[in-house]
Amino acid sequence: MKYPVIVLNFKCYLEALGENALRLSQMAERVAGETGVEIVVCPSTLDLEMVASKVRVPVFAQHVDPAPPGPYTGSIPAESLKLKGLAGSLLNHSEKRLLLQDISAAVARLRDNSLLSILCTGDQITSMAGAALQPDMIAVEPPELIGTGIAVSKAKPEIVKEAVEKVKKVNDKVHVLCGAGISGPEDVAAALRLGAEGVLLSSAYVKSKNPEKLLRDMAEAV
Amino acid sequence: MKYPVIVLNFKCYLEALGENALRLSQMAERVAGETGVEIVVCPSTLDLEMVASKVRVPVFAQHVDPAPPGPYTGSIPAESLKLKGLAGSLLNHSEKRLLLQDISAAVARLRDNSLLSILCTGDQITSMAGAALQPDMIAVEPPELIGTGIAVSKAKPEIVKEAVEKVKKVNDKVHVLCGAGISGPEDVAAALRLGAEGVLLSSAYVKSKNPEKLLRDMAEAV
Amino acid sequence: MKYPVIVLNFKCYLEALGENALRLSQMAERVAGETGVEIVVCPSTLDLEMVASKVRVPVFAQHVDPAPPGPYTGSIPAESLKLKGLAGSLLNHSEKRLLLQDISAAVARLRDNSLLSILCTGDQITSMAGAALQPDMIAVEPPELIGTGIAVSKAKPEIVKEAVEKVKKVNDKVHVLCGAGISGPEDVAAALRLGAEGVLLSSAYVKSKNPEKLLRDMAEAV
Amino acid sequence: MKYPVIVLNFKCYLEALGENALRLSQMAERVAGETGVEIVVCPSTLDLEMVASKVRVPVFAQHVDPAPPGPYTGSIPAESLKLKGLAGSLLNHSEKRLLLQDISAAVARLRDNSLLSILCTGDQITSMAGAALQPDMIAVEPPELIGTGIAVSKAKPEIVKEAVEKVKKVNDKVHVLCGAGISGPEDVAAALRLGAEGVLLSSAYVKSKNPEKLLRDMAEAV
């Protein structure tokens, strides 16, 4: 993984399922190729294999279970991600919260399979706790930027800056991404200027009228 | 779906991940072709697309989420199953229990997407409640047959017989499968004789030294 | 339990914690004494013992766990309710949803301890499934009446009538309560006229400026 | 709270429900009075009010929910603990695991109500993450001591020593308790010698033939 990184979470938006997942991933591949910026795509679970087999940007799952291979019906073990050629997984997204111990186990199991982890956290305190769990990246979603529609470039600078500093203080090997408030190139620039080593975004890309242009503008703002 | 049916749950056994999922599914395809018996395979989540695109037996997911497409990171909507050409999904397996309301929502969403549901239940009372939720099939796992290692062919006949009758009394459109105690052809024969319209098995097949022979023997016992 | 019954869920409203729980329960005791109508109170968990020791109306918990006594930290077993002199428990309230199998186990454990169960359900299908689980009462919360602010007395009559009929068809021993849309005496009257044998209400009572008067008016409407 | 502290978790053992909870708490009160050692009792949920009103040792709940007072049926808010005169709560016991964010919220809500928190954690990594969440105490349950029946006094010293050091390194205001492997006075002595500021035990006390003598021996070993 090369930093700064732009991580695209497709969630389960209809605009990003099936063939759409492939199309949105190929756009990412083109922009990454043209600009040299690292771009990660996170398609929905059933699209992972198809996307990983057809595009050459790192593909992450949106979730992985802490259980190993074995008698666990409906589970998604890290080994499955490895077998399909993925590069890692998001963990503990605000739409898929996990038990403290399961986060710890999942991070360890990803690492044991040479896969990367992006741990999503909320406020400064949970972000610091998250850093202690030794994921590769932490995507901080400051409550001040979620649901309020406030963009990073318009928010008080200390919100992102402090979050980065607090996480680094607990574990300076963790790469901190800004996981909320990213709608345009100016937000990417602001996040990096404030110390983040990347951004995590979703609907702004998936639901854009021209996702490829938006992504190119963002990559150029890096 | 043609009854009686043999449903094979691969769980997340290492012996059934990746290429193994394909191999075990192709065996099922051969046996189904030779014997004319309906055989369903349930590979692990990340193997679903590959298997569904390469074998011509019905492929079921091991789990599906009740949420529709949308902002639900890490969710598996019924629409994803449909897009990948699956035929349906297991629900509420004892290793992936669900809220009452989520079972109801998931059954409805599968149906809305022209997909079949196999609802796993335990004792007679939850099986009767399950029948009221109108799934296509119910796989009853009588507590007397789980974990005890007792095979259906050796168990008291009334355990299966009564379960089938109780479920049918609540909803006679539901097909009842025997979801526990199936290790060999004699168990398949016993389950059908006692009123079941199919069987659900896992480790007996996945961990068999000769899965194809076991499955052929079971299919011939139908 | 005598029907029709008025069940008052105090939830964890500040207006119903601690001494307020006692005050609201004593009002219920007075109205029950004066009108002869059966009134059940459901105080928050830590108020249960105090209320049960001081008032003579049936006291129900808002939730009970399916686990028996034993090494289960933070669990609330049915035996605890029995020891404190409670009469039963709500189960599966929309703010405390349970697994299908846990509802079944909790209903059975309440019955084994001679305690009554009020199972909360939503639409007609989950209500029918709920009836199969053999609780003493089902509090139906028709989606058409939740969150919409529509009162039972103003709603289409068939919403409640059909729900009662469907539940009774699965299990005619279950008493059906109307669990949504009850704000005033006219709603109680409407619910009973449409076949319900009681009502379950919360904020309308707890947050009333004059809860005792409201409850007396409701009891007289029975 | 005075350190070292002995924390007694009654769980939901039948031997510790109802009147038994009072008897076991009164023993703790006597031993605390005689020896001057701080002893905390954690009775089951429905026994909390009775015990807190009758004994003069600090009483902790076994669990508290992160939600504030409000429309949360079956929830246990920190305000309820405060109203009943409790001193704090256990959180995230291995039998009642919580989401990362819920632990963070529950610790904060306890603090806002002037209540203490004892956060239970497992291995070193989750213990370090736990320390970042700023609870008052962390009860570490090293996997090497759980389920293996190995007592602290017989275990490799570094298991406890390292855990204490790692937690203190993240947050030196947190008091570290040894939460596993405590059966007799020699284990209490060993835990304190290795740096712990207290112990958390359960069945050894609750199921002892002579709990008062055991507790006195433990208190004298402090």
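To keep things simple, chains are lettered A, B, C and D as they appear, and every chain counts its residues starting from 1.
In this section, contacts are C-beta pairs under 8 Å (C-beta built on N, C-alpha and C of every residue); 3 or more make two chains touch, one makes a residue touch a chain.
Owing to the predicted nature of the structure, the values given are computational and were not obtained by experimental measurement.
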item	value
Distance-maximising chain from chain A - centres being C-alpha averages	C
Gap in Å, rounded to a whole number, between the CA centres of chain D and chain C	34
Between chain A and chain C, centroid-to-centroid distance (C-alpha), Å	44
Multi-chain contact sites of chain A, meaning residues that touch two or more partners	none
Chains grouped in pairs wherever the two touch, ordered by label	A-B, A-D, B-C, C-D
Contact set on chain D toward chain C in their complex	9, 11-14, 17-18, 44-50, 61-63, 67, 69-77, 79-81, 83-84, 90, 93-96, 202-203
Chain B residues touching chain C - in the complex, by the definition given at the top	92, 97-101, 103-104, 108, 121-123, 125-126, 128-134, 170
